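Right after this note come the structures.
First chain A sits with chain B, and in the next complex the same chain sits with chain C.
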Partner chain A sequence: MMTMTEKMREQVKELFVNNEIKLFIGFEKGFTKFSRIPAFAENYDEAKKMIIDEFETPFLAKYLIRELEEVAAGIVEKSERVAILTRGCDYLGIRRLIVDNIILRENIVIVGIPCDGLIDVKKANKLLGEEAREITIDEENVIAKGKTENKIISKAEVVLDRCRQCIMCEPKESDIMLAEKTANVKKNKDYSKIEEIEKMSAKERYEFWSRQFERCIRCFACRDACTACNCRKCIFDITEPEMLEKTVATSEQFMFHFIRAFHVAGRCSACGECERVCPVDIPLGLLNGKLRKDIEFLFNVEEAGIPSEIEPLGEFKLDDPDEW
Partner chain B sequence: MSVKFKPNIICFACNWCSYTGADMAGTSRMKYPATIKIIRVPCSGRVNPTFIMKAYQKGADGVLIAGCHPGDCHYNSGNYFAKRRFLLATRFMNYIGIDAKRLRMEWISAAEGVKFARVMAEFSETISELGPNWRAREEV
Partner chain C sequence: MKKIGVFVCWCGLNISSTVDVGKASEELKNYPGVFYADDYKYLCSDPGQELIKKTIIDNKLEGIVVAACSPNMHESTFRAAAEAAGLNPYRVEITNIREQTSWVHSNKEDATIKAIQLIKATVEKVKKSEDLFPQQIPLTKKVLVIGGGISGMTVALEVAEAGYPVILVEKEPQIGGNMAKLSETFPTLDCASCILTPKTAEVGRHSNITLMTNSEVVESSGYFGNFTVKIKRKPTFVDWEKCIGCMLCQEKCPKKTNSDFEHGMGKRKAISVAFPQAIPYRPIINEKECIYFKTGKCKMCVKVCPVDCIEFEQLENIVEENIGAIVVASGYELLPKEKLSEYGQGKYADVIDGMQFERIASASGPTEGVIRRPSDGKIPQSIVFIQCAGSRDNQKDRPYCSKICCMYTAKHAMLYKHQVHDGTATVFYMDIRAGGKGYEEFVQRAIEDDHVLYLRGRVARVYEEDGKLVVLGVDTLSSEQVRIEADLVVLATAVIPSEKAKVLGQTLKVGTDAYGFFNEAHPKLRPVESMTKGVFLAGCAQAPRDIPETVSQATGAAAKVITMFSKNHLVSDPQVAKVNEKICVGCLQCEPICPYKAIEPETIEVRIGHTVEKRQVATINKGLCQGCGACSVACRSGAMNLSGFSNEQILEELKALCL
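Here is the complex of A and B:
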């Protein structure tokens, strides 16, 4: 059987030979053994370095803005297309950009990858008890090789937390699909951590979030990585009015995190990229998740993470609840 | 000597109903607490939840949003959008630890001077009982 990487190479070759795309966006090996970074190819040779496996990858959808927004806005008149490797979560991000009219669907070639969840190397290391030197992944298991001993771990144990709660395992629509769907790892919407926080007293909650927010260095990586944060001019960058000041203070941290989370309320697709890129591990997913949970509860939305033409906060019903 | 705590309350009042309602209360010589500072907005739908956080940050102890009754909005539906946003924002603020009792939304029409005065008095009372808000407030 052909692996996904081989199949991808074949498809990429065809796309470039037929002159269908100007750019292919995928992943390549990063600076450490198990890290993956974005890769860009303008011809087939450049695409040879690309790989698909099940280690944690960065989110690619946001790069489409840079490549295609001028075409969509009609500033440049080209019918160029960009192909992009797309898992379910990436698809939701791409969908977000399309719904927001930032990019056009006809400019994108969606190369779909079905996904069972990506592997968290940190979890594997923890189970092995040391830093793994080699990790091999097969259908159901992950084999981590240490200095002396090997450990076979079932995939479900080392899947990333965000992948456990995935709401879309493979892109809903694609132009090319690289494999048949295989759903081995069980996925469930899980709001239990959020419910735990809800049960605390107001004081405890405030203290909990103060502790978290105090670490924030306001690098804005969470905003930059997010597909829902696609405004050309961000409220954090403008100084008139200055909604977010530059002072280092708890109140300012609260301001920042309130604004960031609320600006993606009803738009967040639960991809977890903000949390992944945060250098100080702030559990941003617990903020976004709370908003999704409430939207589902208050406004009878079935799945708040799936982008719709009209957002939950962009519409109303006459029978909306009166009391929170 | 103990000084009685005087709360700082910000009220966002919509231009067409609630602000006129406040006028009504004034011209009918009704009394309401001086702790309330009114900010006039074109519509309750103009109230970005960020304004509420900003108010807390700059020293408000309570925030009140007053708009037209459902169905009466000058712009047809602004207050319905405001309501959705408000519902979500209240729960969210509560979640990050800011007491939800400090935030209130009321529908007050241009003719309801009495209601305006009553709501203000009630809310001022609630906030006085809760005491000053130190959460998410800037240190001075």
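Here is the complex of A and C:
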């Protein structure tokens, strides 16, 4: 049976040969053995370096803005298309951009990958007790090879945090699917950590978040990685009015994260990329998760992470139960 | 830095007793940007306004803050004063140190600190104020009146008399509304038809009124001064243009059906006019009852019609009209008896509601004015009237007073006693609310002259025993249980809004309250306006009311329309949303959130460097926008901004407050 990587290469070749796409966005090996970085191919030869495996990968959907904004705006020919490797979470991000009128669906070739969750090498290293030299992944287990000993770890233990709260294991619709649906298990919604925070007193909660936000270095990685953050000019970049003091201070960090959380409230697709890219490990998923949880509860939405044309917080209704 | 003037008003003792106005103006003198600060006893007075004008001119002020009462009261006064002194009125801001400070606090020291803080925040806002200019918007001088009852007709006649065209839309085939069904009217006991029909006739013949009966408004778009409405004209199956109103068809039609107009008290033919004085006096075929529509045979009406005007194939059609203002006069209905389980839930034929009593007491009604009970046509010897049937009852979700029942119940009892002198009329009441000219005297007349028995108390149950209705209640004045055998029970059921009011509200984008009555813009000062500009309210569509009050309100609504039409164009409030196209990403999240549908996408061309970029952004229809600010909250990048309440201004205010 062909591996997904082989199948991808075959498909990419076909797409380029038939002149269907101008660009293919995928992954290639990064600078360390297990890191994967975004790769862009304008022809088949460039695409040969691309691979698909189960190591942690960055989110690709956001690159579509750069590549397709001009097409959507009508500056460049409408027929130009970009193919993109798409897992379920990427798909939600792409939907977000389409719903927000940033890009057009007709310009995208969704190359779908089913996904069981990606492997967090840091977690594997921790369990092994040293930096793994070789990691092999099979159906259920991850085998990490150390200097002297090997360790067999169950996949569930080393899966990325963001994958634990996955709400879509493969793209809901795609142009090309690289593999049959995997036997993935539907994950139960887990708001237990959020409920723990809800139980705290106001003071405890303030202290908890102060500890988290103190660490923030305001690198804006969370914003830059987020597909819901697709503004032409972010409010934090605008100098007049100055919504955020440029000083790095905890109170300003609070402002930054709260405003961002409210800006993505009802629009966050629960991909967890913000938390993954944070260099200081701020648990942003908790903040966005709280808002999703509340929206699901207050507006009777089944899954707040799935982008819809009309957002629960973005609609005017005359029969709104809340008088205005 | 702008030169800003601060004026602190004492409002007599209203403010100065709780806020140290002198201290406030002194402290503001030293605040950055404030060039002039003073306090004055009554700034809204003529000398107060003169002081403001003179100070602006003498000091060449570029913005002023008036710390006084709510901007709802005198914002326009002070803005006009500033304009007279050559300052753009939108550079005037009000700090509310009365309703929001002096009236709600008692500690003078703390209240003064709060007042000073609020004034400082407003100074910061004014520093960011810009000149704003109202825009002229065109105006269609034609009014749409929805509802052809007494209120709708009054509006139509008043506006038509002033010389403006009126479209009067009525869902029934004839105008007159509920008033046409009434027998006599309180407190004068004159015949309702006699005072109504001159009005209906005038509406029917007025050259400025286009009458659209058997029609409903189904869609509305546009804005203040420029609405486009779609009106559904339901089929009548008779060509009303050709018809001469001979009514041979009605005479010969073999099919009798229940008449809606008679509220189940009488019959009508499948082709008929509702009542003899109907305007327009044209018949309509009841599609559900007509034999031809059911079986394809009969056509008796076609045979007898001398002018060939029966058109079985008629279809509904939609007409579109451009209009400038809308008056909603959709009227009322009565709470269905079926909802009142304690009174038999509608299963006893001789438990009727007030409107049914009107029909059997009406000279043009099914009994020709003789009060007979519906079950067997017997003249009742004992009638029990039950007031507040559903009204003032939280369990029926109608906690409000229906206002007209006290009076019409007294009228019903009197009409009955005038016919059946030896009969007994008993009224169960909670309180008698007879506030109105001649009303109390009227009720007293019923009690003293006509010997109507008033029992203060509630009825627990109405049931049937041995073929007779039994009313079981309590007289709370004597604390005794009362059991009355009645031939007829009349329920003064609650007044509820017209069934279609809620849908109509959504069509017109006018809010309704929890019960479905239309919301007025201000309960005291703007009672005939809705929150949507250009849409006015009249009659029971807004709240239960009697005929004199309905007519006054309708005349008021007409005056509002006439005032609006007396200008050649309308001036829009410049405090509306605006889009910063450079920032707008065109996501249009603002579009579904706008209650007034004022936001649309637009493709613009912008030059960026050496390329011309085309992209989608949001645009505001300044006529539709009411400046609610929902879009500016929804806009993440702050591209949407509300003039006069811009993000910059509000942020500056907040910064000043949080210092």
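Details
Note that in this section the second predicted complex is superposed on the first by the 311 of 324 C-alpha atoms of A that agree within 3 Å, B and C clash if a C-alpha of one lies under 4 Å from a C-alpha of the other, contacts with A are read in each partner's own complex, and residues count from 1 in each chain.
Simple rule for what comes next: a contact is a pair of C-beta atoms (placed from the backbone, for glycine too) under 8 Å apart; a residue touches a chain by one contact, two chains touch by 3 or more.
Worth saying up front: this structure is predicted, and the values here are computed from it rather than measured.
When the two complexes are overlaid on chain A, chain B and chain C occupy overlapping space and clash. Once the two complexes are laid over each other on the shared chain, residue contacts for A:Met243 go to chain B and to chain C alike. In the overlay built on the shared chain, the residue A:Trp209 is in contact with chain B alone; chain C does not reach it. Legend: residue contacts after superposition of the two complexes on their common chain; A:Ile119 is shown touching neither chain B nor chain C. In the overlay built on the shared chain, the residue A:Ala132 is in contact with neither chain B nor chain C. Applying the stated contact rule after C-alpha superposition, one finds that A:Met177 touches neither chain B nor chain C. Judged by the number of chain A residues each one touches, B leads among chain B and chain C. In the overlay built on the shared chain, the residue A:Met8 is in contact with neither chain B nor chain C. Residue contacts after overlaying the shared chain place A:Phe316 against chain B and chain C alike.
In the superposition on chain A, the residues of chain A contacting both chain B and chain C are 235, 243, 314, 316, 318. Note for the complex: chain A touches chain B at residues 197-198, 202-210, 235, 243, 247, 249-252, 254-255, 257-259, 261-262, 265, 287, 290-291, 294-295, 298-299, 312-314, 316, 318, 320-322, 324.
Listed in rising order, the residues of chain A touching chain C in the complex are 70, 72-75, 100-102, 230-235, 238, 240-243, 263, 310-311, 314-316, 318-319.
The residues of chain C lying in touch with chain A in their complex are 505-506, 509, 511, 582-589, 592-595, 601, 603, 611, 613-616, 630, 634, 636-639, 647-648, 651-652. Taken together, the chain B residues at the contact with chain A in this complex read 49-50, 53-54, 57, 70, 77, 80-81, 83-100, 135-139.
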